[in-house]
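Going by the order they are written in, the chains are A, B, C and D; count residues from 1 in each one.
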Amino acid sequence: MSTYGTLFRVTTYGESHCASVGAIIDGCPPGLELRDTDIQTQLSRRRPGQSNLTTPRNEKDLVHIQSGVEHGVTLGTPIGLLVKNEDHRPHDYSETDFYPRPSHADYTYLQKYGIKASSGGGRSSARETIGRVAAGAIAERYLKQAFGIEIVAFVSSVGKIQIPQTTTADDDSDDAPDPVSPEFLKLISTVTREDVDKHTTRCPHLETAERMVQRIIRAKDAQDSIGGTVTCVIRNVPGGLGEPTFDKFEAKLGHAMLSIPATKAFEIGSGFRGTEVPGSKHNDPFVVREDGTLGTKTNWSGGVQGGITNSEDIYFRIAFKSPATISQPQSTAQYDGEPGTLAARGRHDPCVVPRAVPIVEAMAAIVVMDQLLIQNARKTAASLLPPITTLPPTMVLPPATQ
Amino acid sequence: MSTYGTLFRVTTYGESHCASVGAIIDGCPPGLELRDTDIQTQLSRRRPGQSNLTTPRNEKDLVHIQSGVEHGVTLGTPIGLLVKNEDHRPHDYSETDFYPRPSHADYTYLQKYGIKASSGGGRSSARETIGRVAAGAIAERYLKQAFGIEIVAFVSSVGKIQIPQTTTADDDSDDAPDPVSPEFLKLISTVTREDVDKHTTRCPHLETAERMVQRIIRAKDAQDSIGGTVTCVIRNVPGGLGEPTFDKFEAKLGHAMLSIPATKAFEIGSGFRGTEVPGSKHNDPFVVREDGTLGTKTNWSGGVQGGITNSEDIYFRIAFKSPATISQPQSTAQYDGEPGTLAARGRHDPCVVPRAVPIVEAMAAIVVMDQLLIQNARKTAASLLPPITTLPPTMVLPPATQ
Amino acid sequence: MSTYGTLFRVTTYGESHCASVGAIIDGCPPGLELRDTDIQTQLSRRRPGQSNLTTPRNEKDLVHIQSGVEHGVTLGTPIGLLVKNEDHRPHDYSETDFYPRPSHADYTYLQKYGIKASSGGGRSSARETIGRVAAGAIAERYLKQAFGIEIVAFVSSVGKIQIPQTTTADDDSDDAPDPVSPEFLKLISTVTREDVDKHTTRCPHLETAERMVQRIIRAKDAQDSIGGTVTCVIRNVPGGLGEPTFDKFEAKLGHAMLSIPATKAFEIGSGFRGTEVPGSKHNDPFVVREDGTLGTKTNWSGGVQGGITNSEDIYFRIAFKSPATISQPQSTAQYDGEPGTLAARGRHDPCVVPRAVPIVEAMAAIVVMDQLLIQNARKTAASLLPPITTLPPTMVLPPATQ
Amino acid sequence: MSTYGTLFRVTTYGESHCASVGAIIDGCPPGLELRDTDIQTQLSRRRPGQSNLTTPRNEKDLVHIQSGVEHGVTLGTPIGLLVKNEDHRPHDYSETDFYPRPSHADYTYLQKYGIKASSGGGRSSARETIGRVAAGAIAERYLKQAFGIEIVAFVSSVGKIQIPQTTTADDDSDDAPDPVSPEFLKLISTVTREDVDKHTTRCPHLETAERMVQRIIRAKDAQDSIGGTVTCVIRNVPGGLGEPTFDKFEAKLGHAMLSIPATKAFEIGSGFRGTEVPGSKHNDPFVVREDGTLGTKTNWSGGVQGGITNSEDIYFRIAFKSPATISQPQSTAQYDGEPGTLAARGRHDPCVVPRAVPIVEAMAAIVVMDQLLIQNARKTAASLLPPITTLPPTMVLPPATQ
């Protein structure tokens, strides 16, 4: 449904062509400084019309806080957010209305509801993500201030053009090499949002970024589209987040990412490549950090072990399929089964991954925020109990590393 | 936490070395014939000791229904299930107890709880999956009887050995070829559980299966381990399952799969490869089926569009990392930071993917079951309203295809 | 938190003095005719300024549907609702701001959040109920159209003035008489919303209503306030709603009612009086109805047995305490502990129960709606299974009464 | 359904005549000392056969911890609990099986599920409460150790025999006197579980207790039954628990209490009587406590204001109807509509309120536990933010009273 989260809870509403889109964010900690502009930054990174690589529709997407904030400070009560839909343009789509658009949600919404919005994507439109990005901006703000958490996503591939990630693409041995190259790991550990925004593609590897531009222009010229992947890193997350069994951290994260429109795949840490590396090489050995706590020498786990964060960098990658909306004619069938040719009009993104970057960051922030609040609850509860002195030493942390 | 689902709700308990593991399944439809043996079949496919490729521990894992069933028929009330832990063997692990096992959950559980089970994996042990498999067997039984739904998972790769899935592995053009080969799509549409169980690897492509055996034996001989992928197909699922926004079908499915121990990645339909194919080729055009309803000519979407099932085959792939438990010595640190060498004893699976197959099927069944019940609710509710006659024709399905 | 419901889910936002209050209603069945005016009717019954018995603040409380509806028909997607706050009047309260108002939420909000809204009740204000009433109006509309369900609440007492409910108020025997008088039961089974609105007190027993007016005027003249009770009946609810154990129908209903501001008690059917009547008299014997199904001769159960509806009238009563806001001076302490005298200014309701009537109806509608959707899910699921023929005859309904 | 709670989550299973009843308690803080015997105490207070006032069935109800505890300390993982059903006695009920028992759940379960257990109450049996009592015992243990919270319930009335609660039962003025007498308030603030268990009725007012015994014996001799009320107090609960809007503390508490079998009403603080007292008298003025924090002079609010606890005693009362199972013949109808006479056999409680006492305490503990964990989450989160210095002084607590 349209609600995500247990203690930090985001509920959104809105279709492509209704009066407004918005969200209610419930469970934001009280005492956080927050103004419209703090949310607007990420919304503006998401909105269309930012470069010649994206759709020229110029939606302003200005957010207005309705509740939950006074004198620029959160009250702990639900934060209502509203963004007006200015650019309705329902006629832009009217000729094609007797065709379910291939690989869109037109037909499945009819299967589900027996009714669908009269034009555009309705609830399946990417405008739905405005509420997520706004909610994520609030979560991110808290995480930064309270824990110094940094969340940075970037475009790691467009079509077959990708930032070099592996030491050798293919080798002849039975075993794969390291799942991720040292250069890529270094990029993950240092990349900033400023680095990402230096290029319109939001790819911080400039040489690759230029090749991506060419690929996107080729798609645009062909009235076609092309997909890509977004990689995201979350730094400074404390250990202990995530729940055993069904609500493992990566399960919650995967859920959140795969709920973003047009996603088809998710991998964390070594991902699919991790299946090819033997355990002896894939395991992350423990080492002592400067502060006396344990860290891991490598981080193929991607910051999560047994479903619970271990305070190493959390990194993951999401696949966005090539956009379903293309301008070239497509042979397909109408709702009544009549075969024909569908020619979309209007202006469309040939490649959405640059605009997906803030959406990925938002969902990451929401997941971390909710898990942090839940772990806060347990940790505080446990700390109020009298200490247990009767347990075998291997059942508790040695004092040195606590 | 340890509960999954909204209307079909599974709650599990149990660690590796406690009295029993079990589950409560709440929301099973009343009137379903069900006996211990109906659940046991999948539990026996999951249990250790099935072949020389898996651990020789011989756990019987006999399930006993505690409640919710009378005269072999479900009552609609919660079904309690219990499997005794017979093979405790806590001493098998005792020497290593001062080391957090690399890439295990020992250390993260301590970070989370400040305490961990005295031996073995505790709650993070794969024994936790017994409850899931039992719950999934019940869901599957309902889905088969009420909808003819078929769920079949199989091992699609071990290390770098995989069933051929793509037409050409790599080509020089800027565009990728079809994301999945016709042969693999045919396998997906026809494979049965009997086909899968013909080989101890649970790989139905026999030539590949034999190569997998060699790869596993090589890992075993090297006191090492190797990962792999499981592919799963769900056939005959009605259209309309899944919810827009946060609870898209693939998001729920990905969540469920990434909650299985040792998983690192999930992809549905064309997955990561789908990002490399232009929209014109990746879109699934509509065609009329024999029964007058709309289907799609290709199925790169993997049976889900806009987060909602479209009644085509649902297929997806999950990555299982190489098992963290290996017998060869590992350089790592103790809990107190002291560096040293950890040598695991005991008998361990060099490769877990064959045993993961029934777990994947179980989680798939649980997800479909819960979504079906939710969609039942909406569909029935809508059907009780008077028909609307005032809407534009493009907002509702034409009578011919309903 | 600010979300209620499992499948019909209502999330609200808004404080007394923010930009707007509103709600998101998720899970409304598609295909329901719905316009702003359908919601406005109940909002207008809730709003202040309806008579000289309530506060003269004249808030217009006009609702605007933001999403989820097109061409006057629901799409199945979330319905966003917005009501602007027009009458901010923050200065009305400013002098008293250093006192936590006795029996208000000022102090407990500070204990909870460490921060509170600068003026008025903030989130604890009765303006919060606007979202509930709007959501309830939608639920009610569906229930009426699909099931003919009728929900009518009315004022049953103000202070000690109450509609006669029992045969004899007190008798000398050890046993109580019938918990509710035949006259009151008849009122419950026939009262309409039109009957209720005939009098400004919303008490349909006109003789009592007049006495209530005098009691309210006496409170008003004394710069004081007085409480009361609201009785509500829900007719034509199908049997089978509610869930065993924790989510019994009366538990969900009680939860919903006790979440309304100023409520202190809830009773269903015979309520507290039912504890005084022996089982032989309190039990509701079964009789055959004209349609062949079973009904009960009496209905002390209030339409719910074992936590599940039995298709008889559901009736219940809620206590609203005397409003905490009074104009007469009160001896109390400031936040810093300094004792003093608080004199509230502004205009306040001496008695809120007439305005509480639509709020009670709204929450009743929301509870029934959610439970109906959940039961729809189970019932449809069970109906798709092959019939069971092997059970003892006492485990299933005889064909005659199905 | 059969799960209660957000962070402290209780899921139960079991019918009257199945293999076992049990529960999974998820979210118990790690590091709590816990053994079977800590849970058994409350289970033994609940079990039948404790005195000649209750049923002579002698069920042992021994609980066995299955998981989540090692070396007598909780691990933070789910705690599985199991109690075998020893006294099946299905034949005890067989003759009556063609009659739905009046005011039992036989008929409503059939309406809901289309199938019911073959004998006894099935899931609606009071044996279901074993899981609650066990879970509550764990919650209570934590609350006692970490916060010094005390929960004491007692029988406050049987039929019309009640502990004197009000100063004057009825007076002639338009206003009611104080809702609760000083003597009763003193009892509430001091009563211990030992006081309660001194008398078989679990009524700590001995004079009243003796009269209750006579009333129960009269019901027993008449092959009849009689109801009663249980009053419960929770002391030392910190302020700030409960959530605005839908999850107010009293709403959660009422939900929990009304989910106990046979309950018909709930009131907190002044309850129904509070509606008759003018606001000027009903308001609880603030006073400074010895520790400098604010308390209230009176406590008609029952420890909750605006839905949030204020650290005063929380007291409430629950109505239990007269048990539906009686031995005297009843004129009623069979499932097929045939009228006849039902004569129950077997041994039944003429009055269940003494045994209800530990169930009420258990549900109270579960509610407080869950709300405490949730508030822990928020409070810890807020404490990690930098202090806000720009707010008006009336929006935050003065330093003196923090």
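Following the convention adopted for this analysis, contacts are C-beta pairs under 8 Å (C-beta built on N, C-alpha and C of every residue); 3 or more make two chains touch, one makes a residue touch a chain.
In this text, all values refer to a predicted model and were calculated from it rather than measured experimentally.
Trainee: Would you mind checking which chain's C-alpha centre is most distant from the centre of chain A?
Mentor: If we average the C-alpha coordinates per chain, D ends up farthest from chain A.
Trainee: Comparing A-D against B-D, which pair counts more contacting C-beta pairs?
Mentor: Comparing B-D with A-D, the pair joined by more C-beta contacts is B-D.
Trainee: What whole-Å value do you get for the distance between chain B and chain D if each is reduced to the mean of its CA atoms?
Mentor: Comparing mean C-alpha positions, chain D is 40 Å from chain B.
Trainee: So the centre of each chain is just the mean of its C-alpha atoms; given that, what is the distance between chain A and chain D in Å?
Mentor: The computed centroid separation for chain A versus chain D comes out at 44 Å.
Trainee: Note the residues in chain D that touch 2 or more other chains, in rising order.
Mentor: Each of 1-3, 12, 27, 30-31, 70-71, 73, 76-77, 112-118, 123, 244, 378, 382, 388, 391-392, 395 in chain D touches at least two other chains.
Trainee: Spell out the residues on chain A that touch chain D in their complex, using ranges where they run on.
Mentor: Those in contact with chain D are residues 6-7, 27, 29-33, 70-73, 76-77, 142, 145-147, 244, 372-374, 376-382, 384-388, 390-392, 395.
Trainee: Mind listing the chain B positions that touch chain D in their complex?
Mentor: Chain B reaches chain D through residues 1-3, 9, 11-15, 18-22, 24, 26-27, 30-31, 64-68, 70-71, 73, 75-80, 82, 112-118, 122-123.
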